[in-house]
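In what follows, subunit A forms one complex with subunit B and a second complex with subunit C.
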Partner chain A sequence: MLLLAGRRLASMLLIMIVISILLFLAFEGDKLALAGRVLGQYTTLEGKLHWIEENGYNRPLVVRYISWLYGFFTGDWKISAQYNRPVLEFLAPRLANTAILGLCVFIITAVISLILGVLAGINEGGLRDRVISVISVITTSFPEFASGTFLVAIFVFWLDWLPGSSSFTNGFSVKELVLPVAVLVIFNFGYYTRMTRASMAEVMTSQYVRTAILKGLPPRSVVVKHALRNALIAPFTVMILQLNYLLSGIVVTEVFFAYDGFAKAMYDAALFGDTYVVSACAMVAVFVAVLSQFISDVGYTYLNPRIRFA
Partner chain B sequence: MTVTSVPATEMPKRRPRFLRILKSIALLRESYVGMFGAVLVLFWLVMAVGADLFPLRDPLAQSAPDLLKPALSLAPDGTTYWLGTDDKGRDILSRLIFGSRLVLFWSVLATVVAYAVGMLLGVMAGYRGGWWDEVISFIGNVFLSFPPMVLFLVILTNFGPTSSMGQYIGSLGVGSTVVSGVIIIVAITFGTAPQVARIVRGLVLDLKTRDYIAAAEVRGESPLYIMLVELLPNARGPLIVDACLRLGYVIIAIAVLGFLSLGLPPPEPDWGKMIAEVRGFGAMGSNAMIWPAMAISSLVLGLNLLADALREISLRD
Partner chain C sequence: MSDKEHIWIPKLKQQLSDKKIDRREFVRYASLLGMSSGAAYMWAGKITGQPLAPPAMAQDMPKGGVLKIAQRIPKVDNPHTFSWVYDSNVVRQVCGYLTRTGVDNVTRPHLCEKWEASEDLKTWTLHIKKDAKWHKGEDFTAEHAAWNIKHCLDPKVGSSVVGLMKGYMLKDVDTGTKDDKGNAVMTTELWDANAIEIKDPKTLVLNLAQAQVAVPEHLFHYPFLMLDPAENGAFIVGSNGTESFELVELEVSRKAVFKRRPDAPGYLDELHFIDLGDNPTAVAGALASKQVDGIYQGNIEQFDLYKGMAHVDIHQVVTAQTGVARMQMTQKPYDDPKVRKAIRLATDPAKCLQIAHKGVGEAAEHHHVCTVHPDYKKIEPLGYKPEEAKKLLAEAGHPDGIDIEIFCKPDPSWEQAAVEAMAEQWKAGGIRAKINVLPSAKFWEVWTEVPFGFTEWTHRPLGFMVLALAYRTGVPWNESRYSNKQFDELLNKAEGTLDVDKRREILGELETIMLEDGPITQPLWRSVYAAYDKRVQGFEIHPTLYIFGEQLAVKPA
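Presenting the complex of A and B:
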């Protein structure tokens, strides 16, 4: 276990460093344009050069990178060029917003897909299985902005039940959270339903479940006590991997609903060329990706007695 | 003891290729869901290929008096806007149909390029093993760890139409659509090829223990021959299903780029951009938003259903 954790940590650090170097190289080169975007397009050349000099963008790339890397590990994430605020202070509330959204989506997706997947997998090939399988393929085919369009047309323009944007301008409100959560759940639950279904169907054909049925146990207790525990290991560990997507992959949903979250901040920063914000975001995203992989591995080992006691 | 040899005439003959393809289509007929998917895909394919043959308006022609008309409304010349018009008075139906040509052309091209790169890397990593595997897998992991949108934006800002590279390509007399299209292909390849490589690597690790690979090695075939002729064709089963699904993802990715106005340049009828263009008009724009959303959902649904049916068929035999 410790060896696994160590290897993961080492490979994560290596990937983070490579990615941050790539990002610094990618956003290098248009310093004058960046100064122009910060100061406005009518600034004089001297003004821009002065801004570049004053904010330390004139130092060689290597020096800037090392100073950023040192700052990153000591908690000084530099100043955002776009907002002229410390990156950490700027990102924290947006991370919190995305965490709220992501957590809601994660819990609802998990509940829906586990229930539907188990119901479908109990009798593979039956009518209920076919209906659930087809529904989950259909919903997965709606990209976020397409289902967002449909939901907005129905619930905002036609029924006028919900607000169409979720920018939380008047403070946090549950009403504004409904549509983004719905869009993400619709796009995601199908995949996990099918995964749960496959796992459940496999367990239902295994020897020990057959034994349990043949010795006359009621079907309910076979499913709940015997099958479920083993069938949920695989889907649950895969679902943990979804956390990564829920942090940085939901750009479209956040842009569509003007949701002031982490993914939108990262997108805006990349458009602006705000190197420090993009790099910090990428580091957070990679960290969460590797962390979720690790939790998923540990969870798999812990939940599966065959591996735990081996 | 006599050795009975099978006369050559009794060997089961390999049926011609087109018969085998017909057989798999016949298998598809058993699955209604798969047939429905095939019909959806075929519908958009016919639309894309035959766009010029239908009596449609010019998809780029603007008409000032007909802004954001609802579906089935009349144009001044007495004809009908079947699906209404967008914010510049352009006919949505003809934009959708000509758009399907763009969507299918660039998404298929991007998928093919991403697949070619991914398969090559995957088969190298799987067959060569050792350092090849370590290096290829690490590079793949780096690109997979990038948040996808940042990867797209990095490529776009460095090679896109506004960058010096893009302007150089543009100065060669290439249209801006082609420049953007090539950028889209590069971006999709960086995002997709590592995943394809990972799948191919797994398949190759299994296949390379087979006897026919050992036979080819003993025969003295070159590694290149073994990789391209012996390994890849035998890994095609799962790859065809994956390609179907991945084409759907690529279509979504291209539409997302269009939606964020990072895709093909403005007058082109890109489906994702069609939604973004009328988003600001609120309820008035909802008609013009719904149709492209339906178009893209139906095409992706068709591909997903088709992939699902193909997987079921391939599991059966």
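Presenting the complex of A and C:
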């Protein structure tokens, strides 16, 4: 177990270093272009050269990379060109916002899709299964901007129950969270329901479940005690890997609701060409991706004894 | 009336009574020449026999409260280099301009109390308001104003003021160095050491190289904010200023919070600008659910949506706001005037207006002078003639038509729609255009560089002002690299001609050059609108969407 975790951590570091080299080359390889992006469109060539000299960009590439990486680990993420403030200070509250959104979506999606998936899976081919499956397929096929428009039209313009933007300008507000969460849950739960259903249905046909039923155990006990744990392995892995999506894949939803999160910040920075923010965002995204891999591996071991003892 | 009436004023009065100019133009020109606008309004009433009400006075405006306006919050740390209107809206609440052009297109003194122009329009004397003071208590002096003008005109700063004032304040000088191609690197400096003259602490004299009538209007060009020289051109939270508000909180792309200074003119306690991003639905949603009390500008797609909100007033105004598809004449195939004209001939502006802007506005005529401008001259429009366009292309050596690429941005959405409509029309003229849509922020990075691009231009009160900013040889915003000696000379002439009739003729010539040789295709003029909660009082929409916080008030909910 420890060995596995250690191996995983090591490979995580390696991946991050490789990606950081690629990012560094992409963003800071061409120092003249970098100066142009940082200083803005009106700067003269002299101004750029001056900036390059002033900020130590005339040092060898390797030295620059090492100092860049060092700065990254010591929390010096440089100054954002677009926002004119330290990247870390600017990104932290946005990460928190996205974490709140992601966590809500994650929990709600998990609960809904596990319940629906199990209900559908234990009765494969029945009416209940068909209804749940059809609903799942339909909701998953709505892109976020479509369901977003739909929900806003109903709850903001027609019923006037909910606020139309979610920028938290007056501090955190649960009301402002409802629509973005709803949009993401609607988009996501169908897929996980289908995953859970498939996994559950498969387990229900396995021999040990048949044995349990033949033993005369009540169906409830068969499902909860015998089938569920095994059926959860596949959906669990998929859901943990979803963390990464919840961090940077929700750009459409965040922009749609003016939700001030990490994905929107990354999107804006990419459009603006705000090099330091983009590279920081990329590093954070990579970190979360690798971390979720790690969690899923460890959790998988816990759920599946065959791996634990292998 | 001052006894030192400008020599042109009697002539203006004559023109007004001859109905050569209307009352509004009379007020504008009379106040440009130093007549107080109150007096100008009075004379206008006297001469025409119809009273013209001066702008509404503040009645019983509710005091106090917080007003929230949805508006993008870009970086605002270098006000003199602004190239958006909304960043100037942020600084405008704190720092003032020497003059101010109102919603009626009339320019009045603001930080100055009056100005006088010499007979030949080459010497302008600005009298700074006696009681104009900085927040920190110091007097606002002619020296401060002079520093700001010099800073804006410094080529190192890169302010678009250079484009407006280059003709009469600057001259080209050789830096003595050569670029890679061996061409001399040119820069600019004040045309005369005495161009900006400080007479006494409250009197500033501008000595111009050539006559210019629109000096006061140029002084209200939106980057031309009067900043505290001690801050060296920078603007941050807590910066010194002369206006009613102080910036107390600023988070780029999130919000800006202003507090009204005690005893400063105005009604609100606080003014907030809230950035809701690029998505117009979020903005409409925020107004519908009363998260904000007003929006900077409505998108044409959302027009019906705002109309449907019972608690909201729509404020609409016809403007010279537009977008132009401009070609760089330094790039093939646009270096051939025939190609440029062919693209114009293959464009049908009236249809573009219907398709792209729901008919809200006016069809344009490819010369970037709008019917709302007093010096607009009606000339024979080119018309939609795709066959002729084909013929011209053949003459230019493209018998099979041309394949081109046009860059535009998706926000606001009418721009992309207009480009798509034009590209469709061009096909009939043998012009096959690929449309390259760049995200807004990316677009503004390259807008001066792409060979063919669609750029939005804001409203300016006089017809020649945009021509001077955008098509004069060598100015920073001349993105089409347009260079035409005859055009530049006519432009200088127009800028020094006060008589509207005469100037109209000059603009007619300029317009003809634009049609025959010019670098643009222009589909439409648009009306703009903003939407405000009915609780908001004192809001009048400005043709350039300027927001003046001290005029706004809000009724308690």
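Criterion: the second predicted complex is superposed on the first by the 243 of 310 C-alpha atoms of A that agree within 3 Å, B and C clash if a C-alpha of one lies under 4 Å from a C-alpha of the other, contacts with A are read in each partner's own complex, and residues count from 1 in each chain.
The working rule: contacts are C-beta pairs under 8 Å (C-beta built on N, C-alpha and C of every residue); 3 or more make two chains touch, one makes a residue touch a chain.
Just so you know, these numbers come straight off a predicted model, no measurement behind them.
**Student:** Let me test your reading of the model: by the given contact rule, A:T169 touches which partner, first (subunit B), second (subunit C), both or neither?
**Tutor:** A:T169 sits against subunit C, while subunit B stays out of touch.
**Student:** Quick check on the superposed pair: does A:V278 touch subunit B, subunit C, both, or neither? Answer first, second, both or neither.
**Tutor:** first
**Student:** Could you figure out whether subunit B or subunit C reaches more residues of subunit A?
**Tutor:** Partner with more touched residues of subunit A: B.
**Student:** Quick check on the superposed pair: does A:T149 touch subunit B, subunit C, both, or neither? Answer first, second, both or neither.
**Tutor:** both
**Student:** Considering only the touch criterion stated at the top, classify A:M266 as touching first (subunit B), second (subunit C), both, or neither.
**Tutor:** first
**Student:** Check the residue A:A258 against both partner chains and state whether it touches subunit B (first), subunit C (second), both, or neither.
**Tutor:** In the superposed model, A:A258 contacts subunit C only, not subunit B.
**Student:** Just checking: does A:S206 make contact with subunit B only, subunit C only, both, or neither of them? Give me first, second, both or neither.
**Tutor:** It touches nothing on subunit B or subunit C.
**Student:** Report for A:F157: first if it touches subunit B alone, second if subunit C alone, otherwise both or neither.
**Tutor:** In the superposition, A:F157 contacts both subunit B and subunit C.
**Student:** Kindly classify A:I138 by the partners it touches after superposition: subunit B alone (first), subunit C alone (second), both, or neither?
**Tutor:** first
**Student:** Need the overlap of the two footprints on subunit A, from subunit B and from subunit C, as residue ranges.
**Tutor:** In subunit A, residues 149, 152, 156-157, 164, 255, 271, 273 are touched by subunit B and also by subunit C.
**Student:** Okay, in this complex, where on subunit B does subunit A touch?
**Tutor:** 33, 138, 141-142, 145-150, 153-154, 157-158, 248, 252, 255-256, 259-260, 272, 275, 282-283, 286, 289-290, 293-294, 296-297, 300-301, 304-305, 308
**Student:** Flag every residue of subunit C that touches subunit A in the complex, lowest number first.
**Tutor:** Residue list for subunit C touching subunit A: 68, 75, 77, 81, 156, 158, 251-255, 272, 274-279, 281-289, 291, 305, 308, 439-442, 444-445, 448, 476.
**Student:** For the complex, which residues does subunit A have touching subunit B?
**Tutor:** On the subunit A side, the touching residues are 11, 14-15, 18-19, 22-23, 26-27, 30, 133-134, 137-138, 140-143, 145-147, 149-150, 152-153, 156-157, 164, 248-249, 251-252, 255, 263, 266-267, 270-271, 273, 278, 281-282, 285-286, 289-290.
**Student:** Please name which positions on subunit A make contact with subunit C in the complex.
**Tutor:** Spelled out, the residues of subunit A in touch with subunit C are 37, 40-44, 47, 82-85, 148-149, 152, 156-157, 160, 162-165, 167, 169, 255-258, 260, 264, 268, 271-273.
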